[in-house]
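Shared between the two complexes below is subunit A, which has subunit B as its partner in the first and subunit C in the second.
Our next item is the complex of A and B:
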């Protein structure tokens, strides 16, 4: 491989990481909030798909992609609220409900999304952080969608709020010890319900990014497990919003390996490289599950790591 | 009220035995009644949904009935489609007995089917006799499927990797592996339409159960469900699994090999899904291609939950969902509904079903009568 094609691959990876990471980021932040409150929502894969479909449909009908983003968030909060409400009932298993919500969300999205596979909806714009260099390659690689920055802002606010605000403390307390939270007069169910709902909102916004920016169209194979990988990513990020961002960038780069190699003419093993993010997630889970550091940071009430 | 219930005032052995029976009947009645109730509720919700879209629920259910169970042909089609659902349902139910939520049946099905097709090709080219070829194919899908989900169990036990997430990731990886070969080195170039492996040929296909148009996978599915039911409820192995599922610490303290039990349960699950893949290739498709990714593994999750993870109860539930899947095409054409209708109905049923879990123990009629004077 020549230096030139190495550079192409490198910039494609950086650009890919910036582009592909955003949905991971939003889903991971949503799941991070939900898990901090002591509940697991495995259904965010369905939320992501439904968000993508809703955003595309609303953008198509109203002509405003940002309205689509908002609608995607709202559809996500509806799914999150459903999950939050059902799990509040006694004897209900949050992991199983997550699987059901995954199928339900995907079903709703595919059912209503059939009509939107063909038409073209207005997309979200982007700007480049590299335009000042005058180098076309760098300009192209550093194309950034505003949602990427919104995601980083949300992560910073969330990290700050967990550490410094009363609300953050309440969420963490509900996640670490429900009896303690109850003793403080906090309704654990309400905290978890709200956390799951807002987590669903974030995941829905992540879906909007998929259909309205990159890849930038609506079809049934749009997400193919990204929501699920993002859930796994939260364990890897040890429930820290900031580390969620870094992990999402890493996952984005992994997702960009296939297209990056393809851009320099390496097409052999295309399917293998498409599987790279799943394989990487699995290895990361193997490496991070059961580690001492993960055990220290895990919210005490969480059922997923027990 | 259930009329076998007897007052517990008696002190002899006979009334006691009768009351044990009454308790068992009440419990079983609860396990049947609550899922049935959930099914009815989701049916009503789906009807409301259809009405909101301006479609007739009556048409929908009569079409499902006609397409799934109305004629001899549709019943056979239903049974044919329920075969993979029984097997993928078992792939969820067996690990559930040891407390694991494994949802990777789809991946084991796809890889099992692919392994069967891959191993068959050199044998078919070498004109190996059909019957041993089929046995080898089936063995390949059992080994590959069993390994695939067995690995999930191993990771769970040895590394504490969450089995739900890892099994679903393995599904995506499994599908990618099949695509890698089917669209690459093993692609049959004489078939330009859809990337597939070479066909195994009619002579090597599994036949029908005599007198029907239903392939043998259905019989094998029922056989396995019965065998696994006996294994899980009547053997020491099954007892150990249930102990380990109920309380892993107690099981470890009793010296039960919990890790081995987990891996064995997962391997059985994967083998079942692999067999489903074998029949999809050897009885239906005749080759491995993307048609194997038909969602049977995901419907199997719902089947197992609706059957409350009981192998024997999986059979009727799988037949019911086989009918819904089989009628999908008819419903789509006649009512102009998208093909995701079945998926939506399944998702809705699943959510309602899990919500109904909260009802267990809430109805007096299912509870044992007051046991105060028994002690």
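Our next item is the complex of A and C:
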């Protein structure tokens, strides 16, 4: 491989990371918040798909993609709130409910989304961080969508809030020791309900990115399990919002391996390389399941660890 | 900025006095508390004595508003106060330290303190808060690290932080539930002494639930004794002897005489641990090159503050936890903790929390009692065809011999009381020849009668020539039972001595890791 094609592959990977990582990022941040409060929401895959559909539909009807993003967030909150409410009921297992919510979310999205597969809706714009280089390839690779930056900002705010605000500490308290939280007069159920709802909002916004920016259209195979991978990613990121961003970038880059190699003419094993994120998920789960550091950072109330 | 500018001048706190009148709590058919009236003057250190199930916890939980009392009043400084939940109790200046910790493990000491405040600011200015906390700690009798997560603190530090939290919240009546169970004797003495000093200065009033007479006589001003939900007696500690208090606690229950220790010298080494190493759940070393020998016909008591590797040691010996290095030698042969070796080498055990560690709670008493031999004749043919008949017969015999109180052998073992679960497991473990017996906290949470019974059984096994390893967090139990004492600290045995050549102070020093 020549230097040039190495550079091409490199920029394709960076570009891929920037482009593909955003939905991972939002879902992972949503899940991070939910899990910090002591609950698992496996339904975020459904939330992601419903968010994508809602965003596309609203953007199509109103002509404003940003209204679409907002609507996607709201639809995510509704699913999150449903999950939060159902899990509040006694003896309900949040994993089982999450799987049901995942199927419910995708089902609703497919049901209402039939009409929007054909039409073309206004999409979100982007700007390039590489425009100053004058190099078309770099300019192309460093295309950035504003949502990407919003995601990073949300992660930084979350990380700060977990350490420096009353609400951050209360969320961590509810997630780590429900008896302690209750003894201090905190309603654990309410904290988890709100966290799950806001987590759903973030995942919905992630869905908007899928249909309104990249790949940029609505169809039923849009998400292909990204919502579920993002849940795995939170474990990998050891429940830190900042590490969620880094992990999302890594997953994004892994997703771009196939196309990147193809662009320099390596077509052998194309499908294998396309499966890189899934394979990576598997290995990450194996590696982090035995990781002792992960065990130390896991919120104590999480049902997966009990 | 100096501390003086940040902190307002320290307001002299005033201790609260508390009085309960006719406190009664009825749970369905069970009268947990009946007409208990007690008065604790401001600035006194009051002990609440009683056996398990005597109603001590129910009483303080009624005071704290966890339970709403069926009848009765609470008076604070002579004024009747209704407290419907712990938050209202806190607002009235009453704080409680529970047996389990109420700190949030992943939060640091400082975070735990600040968030416990009702008026915690929405956005926390850590610079300012840390200054205030440091100033607060300067006024306090003991200190804890503020910047590490509670999960990485030692049990003693957590306990101190729990108490500091109450003082930080300006609580003027402290209720402590068995506060010294996780402390070394020195730590316990230091902490109780400091609290006593604060009470003397009329800064706080303390009510302490305990069953240790030594703590009552050394630190407490007055005492109330409860039995079966009723107040039996009490008064000034100075006017009461330990015997009188014990008598009030036990009542007319017949206590089995302790088995007499036969004076045979110990035999050969039966159980030997060589440089044993194991890890805890987080992969940190729990056992660190541990060496220990137990001879036939002796009880080696392992003393230590909980969390120094004792549970891990018992788990390793009972096959519940893999050991990463070192050797276990039984009767001169290397020992692998598996079912076959347990059977062949006659190793038996009574782990702590037997309902969790030694039984399947939903299976019947008979089935649980057959765990050691259900796959051998007469309970089984060919090693797999089980016959319930002989199993039930054997269970009936054991139930009668060990006085296990159960409706029938077919009841689920989870329905039995703690003492009876303990007896059932002991019956299973001791019903055949025993060469090695591993016992962990065998009397935790049991009443006097069960305690005496179980200790006598263990001594009997020793007299029959079993090598007994007794792990206990209760130093008094070790001192009473053991022929030799070993002290465990930081995953190591750092002190071994025959019981006659050591004392509480020496053991306490080694428990603290010196």
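FYI, the second predicted complex is superposed on the first by the 304 of 306 C-alpha atoms of A that agree within 3 Å, B and C clash if a C-alpha of one lies under 4 Å from a C-alpha of the other, contacts with A are read in each partner's own complex, and residues count from 1 in each chain.
The criterion applied here is as follows: contacts are C-beta pairs under 8 Å (C-beta built on N, C-alpha and C of every residue); 3 or more make two chains touch, one makes a residue touch a chain.
Fair warning: this is a prediction, and the values are worked out from it, not measured in the lab.
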Checklist entry - Does subunit B (first) or subunit C (second) touch A:165, or do both, or does neither? => result second
Next on the checklist: Looking at A:57 after the superposition, I want to know if it touches subunit B, subunit C, both of them or none. Which is it: first, second, both, neither?
Outcome noted: neither
Checklist entry - What is the contact status of A:231 with respect to subunit B (first) and subunit C (second): first, second, both, or neither? => result first
Checklist entry - Touching A:300 in the superposition: subunit B (first), subunit C (second), both, neither? => result second
Item to check | Dominant toucher of subunit A (residue count), subunit B or subunit C | outcome: B
Next on the checklist: With both complexes superposed on chain A, which partner does A:184 reach: first (subunit B), second (subunit C), both or neither?
Outcome noted: second
Checklist entry - Which partner does A:8 contact after superposing on A: first (subunit B), second (subunit C), both, neither? => result neither
Next on the checklist: Going by the contact rule set out at the top, does A:124 touch subunit B (first), subunit C (second), both, or neither?
Outcome noted: neither
Checklist entry - First (subunit B), second (subunit C), both or neither: which does A:95 touch? => result first
Next on the checklist: I'd like to check the shared interface: which positions of subunit A are touched by both subunit B and subunit C across the two complexes?
Outcome noted: none
Checklist entry - Contact residues on subunit A for subunit C in the complex? => result 164-167, 169-170, 172-173, 176-177, 179-181, 183-185, 292, 295-297, 299-300
Checklist entry - Can you list the subunit A residues touching subunit B in their complex? => result 42, 46, 82, 86, 89-93, 95-97, 99-101, 103-108, 110-111, 113-114, 224-225, 228-229, 231-232, 235, 268-269, 271-272, 274-275, 278-279, 281-282, 285-286, 289-290, 304-305
Checklist entry - Can you name the residues of subunit B that touch subunit A in the complex? => result 101, 103, 155, 159-162, 164-166, 168-170, 172-173, 176-177, 179-180, 183-184, 298, 301-302, 305, 338-341, 343-348, 350-351, 353-355, 357-358, 360-361
Next on the checklist: Looking at the complex, which residues from subunit C come into contact with subunit A?
Outcome noted: 85-87, 100-107, 111, 114-116, 118, 120-124, 126, 151, 281-284
